[in-house]
Every structure is written in C-alpha cells, then in structure tokens.
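The chains carry the letters A, B and C, assigned in the order they are written, with residues numbered from 1 in each.
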C-alpha cells in the first residue's frame, strides 16, 4: 500500500475515528432482526391460541425435525441467491442423491457404520456432481442459471426415475434409521436437527467471516467489479453451485435416513420452499445482500405456520392461502425497512 | 415510514387471524384444548381424520361419512391431509395433529413402513388410532383397521374386465406405487383373477398417484403392445390418467378400462364410454366405521380389529340405481 | 530521454464488427500527468481497459519500463503497479467502503484463522478510514453499504482505492464526472499530489479546463488511433480540439 499523504501523518485524526457500535446495538439494527421478530410474533400468536398443544416440547421437536432437511437446502441456496443466481434443481438433486445412496448401500450390504459412510459419501458425490454441472454451465457456458438449473432439475429427477423404475427404494440400513434418522442427542434433540444446525452454523460463519463469503457477496453485488478487482469470478461461481449441490446431496441422505424410503414424489416443491425461505430471510434475489441467520428464520416461519395452522384447525385448503399471504406480508415489511435505509 | 410498517403489520395479523377463524372447522375459538366438563353425561370427543392426500374425492367422501357419524355420536371431527400422497409430506401433518393430542385420529398411512414412527408417536401420546383404507406393516397398536377387501376387489375387477373383452386377450395394470397396502392388494388380486380367467397378464406399472404419469404409462404400453385389450387402474388418479391416455392414443373403444373408485371425473368417463366399469368402494362407510370404532375404544366398548367393507361394480347401465355409491367432491 | 514507464504500440481491438482501436499508440512517462483526450467513440475507455487487463488486445505490444509485457488480467496489471478508476467506478454497491477498498486484496486474520480464509474486517475498516481521511474523502458511516452514499462520495472511494494501491501508474477515467465544484478541486489537487509522489497519472477527461490545469502532456485519440502528442505548455485548447476533430492526422509529434 503506497503512502500518499498531504503532510506528515496527523495523530489527531486517529482519535476521531468512530467506534464500532456495541454488540447489542448491532443485533437490534441487524438486517435479519425484523424477520426474527416476525417469527417470534408467530410463535407468540399460536402459543396464545393453543398453548397446550403448540408449546409442547414434543411439538417443538417435531417442527424442528420437519424443518431440518429444508434448512440444509436453504443453506446452499443462500449462497447461490447472494451471487444473484438461482438453483431450481435442489429438490431433484436431493431425490437423486437419496436414490444412488440407497442403491449403493444395498449393493454393499450390511448394517453398520461402514455401509452408512459409503451411503453418505455416495450421496454427497451425487450432489456434488450435479452442482459442478450447474456451475460449469452457468459460469463458463454463460447460460442463465434459471435455465440451467431447470434443465438439471429434469435430468436429475429423470435419472432417479430411470434408476429406480419409478418405484421408491425402501430398503435402508436399519442402523441408519435408528441413529441419524430417528435418534436423538442427549435423549432430547434429534440428530437430524443437530446436523442441520451444525451445517447452518458452519456455513453461516464462512459466509460472514471468510474471504469465500466476501467473494460471494462481491460477485452478487457487482460481478464485473469483482472481476476487475482480480477475483476469480468463474471459479467462485462454480464452487458456490457445487456447494449447493453437495448440500442437496446431504439433504437427500438425511431424508432417506428419516423416512427409510426415497420419497421420489415428495420433493417437487422443495426448490421453491428453499428459495422462499432464503428470500423471506432477507436475501435479495438481485444479489449482494443476505445472511444465513435470516435463512434460518425463513425456514422456520413457514414451518411454524403450517404446524400452527393444523393445530388451530384451519381447513387444509385455506392453509396454503394463509401461508402465502403471511409470507408476502413478511417480505413486504422487510422491504419497507430496507427502502428507508437506501433513501438517497 | 415507521407508521406505514405498523399498519401493514396490523393488517397482516388481522388477515392471518381472519383466515384462521374463517377456515376453522372447529367451533371453539382460543380455548385451551381440553374438554370443559367430563362429569357424567356425554363427553365431547375430538377426532381428526388425516387423509392420504388432500384433494382426492375418495377421502372427501370418507370424511363426509365420518362427519355424519361424528354428529350422531356428538364427536367433533376435523379434516387434514398432505398435498400429495407421500410420506415426507404426510409426516409434518401427523406431527402437528399429534401436538393437539386429539382423543382419536383416523388416518390413511401413505407408506406401510415410513409412517409407522409418526403414527406410533401419536398413539403413545394417548390418542386412539384407527387405520382407514391403507394400513401399516405393524398395526397392533391401532384400535381397528378398516378397509375394503382390496384383494377381493382386484379379483372382481379381473372378472369384470374378462367379461368386457370377451374372455381372452392382453391386460395391463396401472398401479400407484409399491408400499401402499390397498393398491398392492388390488394389483395382486387382479393378477390372480386375470390368470385364472385365462387372460394374458402383461404386467403393471406405477403412476405415482399422478394422472399425467398414468396417461404416459398407458400410451407407452400401447406402443409396446398394440393389441392390448384391457386395462385395470387401481385408484382414482390412476383411472383418470389411464382414461386420458386411451383417449389421447385414439384407442377409445378398442381398449376396455376397469377403474377403481368412482370420483366425479371417472363417473363422467363411465357415462362417456371411455371407461367401461368402475369398482366403487364404500368410503363413507369406512369413515363412519372409523369414527365408531374410535368412539368405542374411548368409551370402553368392544372394538373390531379388522373390518372389511364391500364393493359396488358400476357400469353405465346400473349407474342410475347406484347414485349413492358415487364419490363426492364436497359434502 | 529516459524510456517511457508504460508504452502501447499498435493496439488493435474489435468488438464484433466495431473496431474500437485501430493500431493505437500510447505513452506514459514516470512521474507525469498525461491527459488522454478524444471525442466520443475515439476509444479512450477501451484503451484504458486494455492496459488495465480487462480486455485483451487483438494485436499490438505493450512495454513496461522498457520490457515487453503481457497483461492478460486485472491481476497482471495490478502486479505491475497499475491501478484504475473506471468510469463506472466498479464498486460493489452492497458492500461497505472498507470492503470495496480491499476488494480482491482482503486482509486475512493472523495465524490459523487466516489459513482458513478468515478475513480481518476491523483491520480493513481501520486502514480504509485512514486512507479516506488522508485523501479528504468524508464518509459518515464507513460500515454502511456504498449504495447509500452520494455519487461524489462513491467517486471519492473509487479514487482513494486506486491511489492507495497503485505503485506506478493510476488510470482515471472521467474521475470528476459526478463531482461538485469543491470535490472536483480535491481530485485535481490529489492528482497533482500523486504525481509529486512519483506516480504517473493518466487522466481521461472531456473537460478541457481541468486537463489544462493538471496535465503535463496531452495525447489525443481519434477513431481508434493516436493523432497527436502535445506538451500542455506548448498548445492552446483550440489546438487540442482541432486534433480531436481531425485537423491533425496520424500521430503528429509534439511541436
């Protein structure tokens, strides 16, 4: 850094530097705080309406377990959307990874940790493969992300149907089901929830505090500026989509562990649910803005809504309307707050 | 600006509450869940019917029959169900229902194995469980399993189809997906019946409970076996799709279809001649029996572990006499 | 006469059917301010981007301190000590001033964390604050996204960034375009200071008075070729405009 100054350094300048705002102040003003408050508000509302049922620890555990797989998907999706991209293939990659993992475990045979690790490895590899395909086509061939991932969605789902003949694979090592699938840490927290939160925390920290995270924001905010600054944009995009694919692979493995079947037909709208979670959490579809904490809130808001509506007894056909309305409202509120910040 | 935010937040809360209140099947508002008084007299039991999939007329008709019985017995019954017939979608619904700790739940499990854990969790919480239509591999904890004799239904379908195509020829089955007790049984019963009736059974394929998929399967099978004579579709969506497939392939009249279930679309197909016969179950009866068995369990009366309900074989000719066997899209 | 710091000979660059540069030449000497002028479409920005590594020339040679060099990417230019203030500023609007200052040059945390790629945001913010203060760029909140700042502040950040990192040459493409009177004054003073420190400055500008205030030499580009190299002290504004519009043709030498 060359030293360009008018005169000799002026020590007085140093003393006038503004101090960094204290932690609690940053928390209150944080970008994901309003969405967090909305989540808290929903929990309060449902607790007031049906306290016995809703506030039950078993119910909380169920909500968290139901949301765990989506949280893993939303983690990868957060990175993708911050780069101003999109990944529509995550649900299909989830299914594909579960399918190849189940096939591999059955081929190896047995019911021990060894075969479970084989299954995990195959699932991650399957997800990574689709992620790399997405990344290369988007970054190098310059095909729009929407188009590429729509294509890989079809291919991954189609491949799953070809491999299984359209029939769910329902043979899964029993040990996998009893440990990761339905087992709990300290008798209380399901392992699925622990794993999902661990993933969210690790990748949340990476996004917020590492160079990889900063490059993600930079590429999303102004790809050309990032290029001119010497950031290897193409390589970075490939890594981001590869990450999303690998996490979808992990999600497929977790889903397989939980349901002991590949549930091919149950993931058609997972991509939209993950995108919705990320957007509700405050990430902009135009890139450059967003936090993983926001995505965590974004995952739990629909989960709490759906759970709460069933408990309160809302007619199932009305539930979708209500969930949709609340989601639009929550994002609108967040937008109002943002716009006031950017008023110049 | 902050004002605007508060107004929007308030509107949102009103909307959410409003929808919840309007859409609420229960009469109660924000009460704490338990019954008011249980001293002597009739206790107002709360039950939930969890369908296999939301928009299916079979389950809607079941819920109508269940509602009627519930009213008779002074039971409050509400209806829930997943968007698609899949265990990963039905599980969150069951979990949420479990939180309410209803007195009893009538449920059609979407997978014989995968749904065991969440339903067992429900039962462990004290809720009486009646399995309606489909069942689980391990069902001992349920107070009752009520379903049509699906294997018998399959055999009946084979008999009907044999008559329609003149006693011989190639026949194919459009099934749903393996792991569903009812449709597995129908497929099995049909295969046995077809073989003993001397028909050429060319196989079965799975529609995944999607009409569109059923249609493509049918067209693909026709391409492979142009001399196909008959199709048996094992459930409502599969029958709908199979009929579309035949129509699209231009084979109306050449290929006879026997469908399972009598939803409004299928009855139309029957009247229109795309489908020649429908094996209708008695979903309303299944629903009513489910409520009754659960009620018996709650009031310490004897229960029946297994109940088999019957069929009606519908054709264009006998349609008028059997109006009450048709499934409804709403009560 | 000492050899030029940076010299481009015969640069050809086309975009599809548009021939932006048709064998352009360019010279920058150490410690001077050169103004690169020309009418719209003359190819000034393209030439700058080529020398900054953003574009690759179809033909031509580049010499740095007498040696032939290949500038394939912005990183190559950076390694030679060349920094650029682009016309569009090339700032990431959603990132804060510190992040923009250190874009592509992030400071890693010391020790093990640094090996895992953890960045030291505090250090980057502090060093940026110092740079902005030294260069007279006033920012209320250095942690705010750059998008919330005025055009003048953003330009100030972009100029500060280039000036802070450059060790040999700074290219400035219309650096005063969005600025008010006072800020323009600051930038012009800054250009002079930068030159006095030993850096070369290449200034692209439409504004003749500004050019005549700070530039030592003026190179005129017309239709993708250099048509004149002029000493500022030897010419008038009319001469320059004449060269821009075609009165002098093909690389006229300075008088």
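Assume a residue touches a chain if its C-beta (ideal position, glycine included) is under 8 Å from a C-beta of that chain, and two chains touch if they have at least 3 such contacts.
Keep in mind it's a predicted model, so treat the numbers as computed, not measured.
Taken as a graph of touching chains, this assembly forms an open line, each chain in contact only with its neighbours along the path.
Set against the C-alpha centre of chain A, every other chain centre is closer than that of C. Annotation: A-B is the more contact-rich of the chain pairs A-B and A-C, by number of C-beta pairs in contact.
Once the centre of each chain is set as its mean CA position, chain B and chain C turn out to be 72 Å apart.
Distance from the chain A centre to the chain B centre is 34 Å, each centre being the mean of its Cα atoms. Mean C-alpha positions place chain A and chain C at a centre distance of 41 Å.
Partner chain A is touched in their complex by these residues of chain B: 1, 4-5, 8-9, 11-13, 15-17, 19-20, 22-26, 30, 32-34, 54, 78-81, 83-89, 91-93, 95-101, 111, 113-114, 117, 121, 125, 177-179, 205-206, 208-210, 213.
Taken together, the chain C residues at the contact with chain A in this complex read 52, 54, 73-75, 78, 84, 86, 88-95, 99, 103-106, 108, 116-119, 121-122, 126-127, 129-130, 133-135, 141-143, 147-150, 163-167, 193-194, 197, 199.
By the touch criterion stated above, chain A contacts chain B in their complex at residues 41, 45, 48-54, 56, 58-59, 62-63, 65-66, 166-168, 170, 182, 255, 259-261, 263-269, 303, 306-319, 321-322, 325-326, 329-330, 332-333, 336-337, 340.
Across the complex, chain C is touched by residues 1-2, 4-6, 9, 13-14, 17-18, 20, 206, 209-212, 214, 217-218, 220-222, 224-231, 287-289, 341-342, 344 of chain A.
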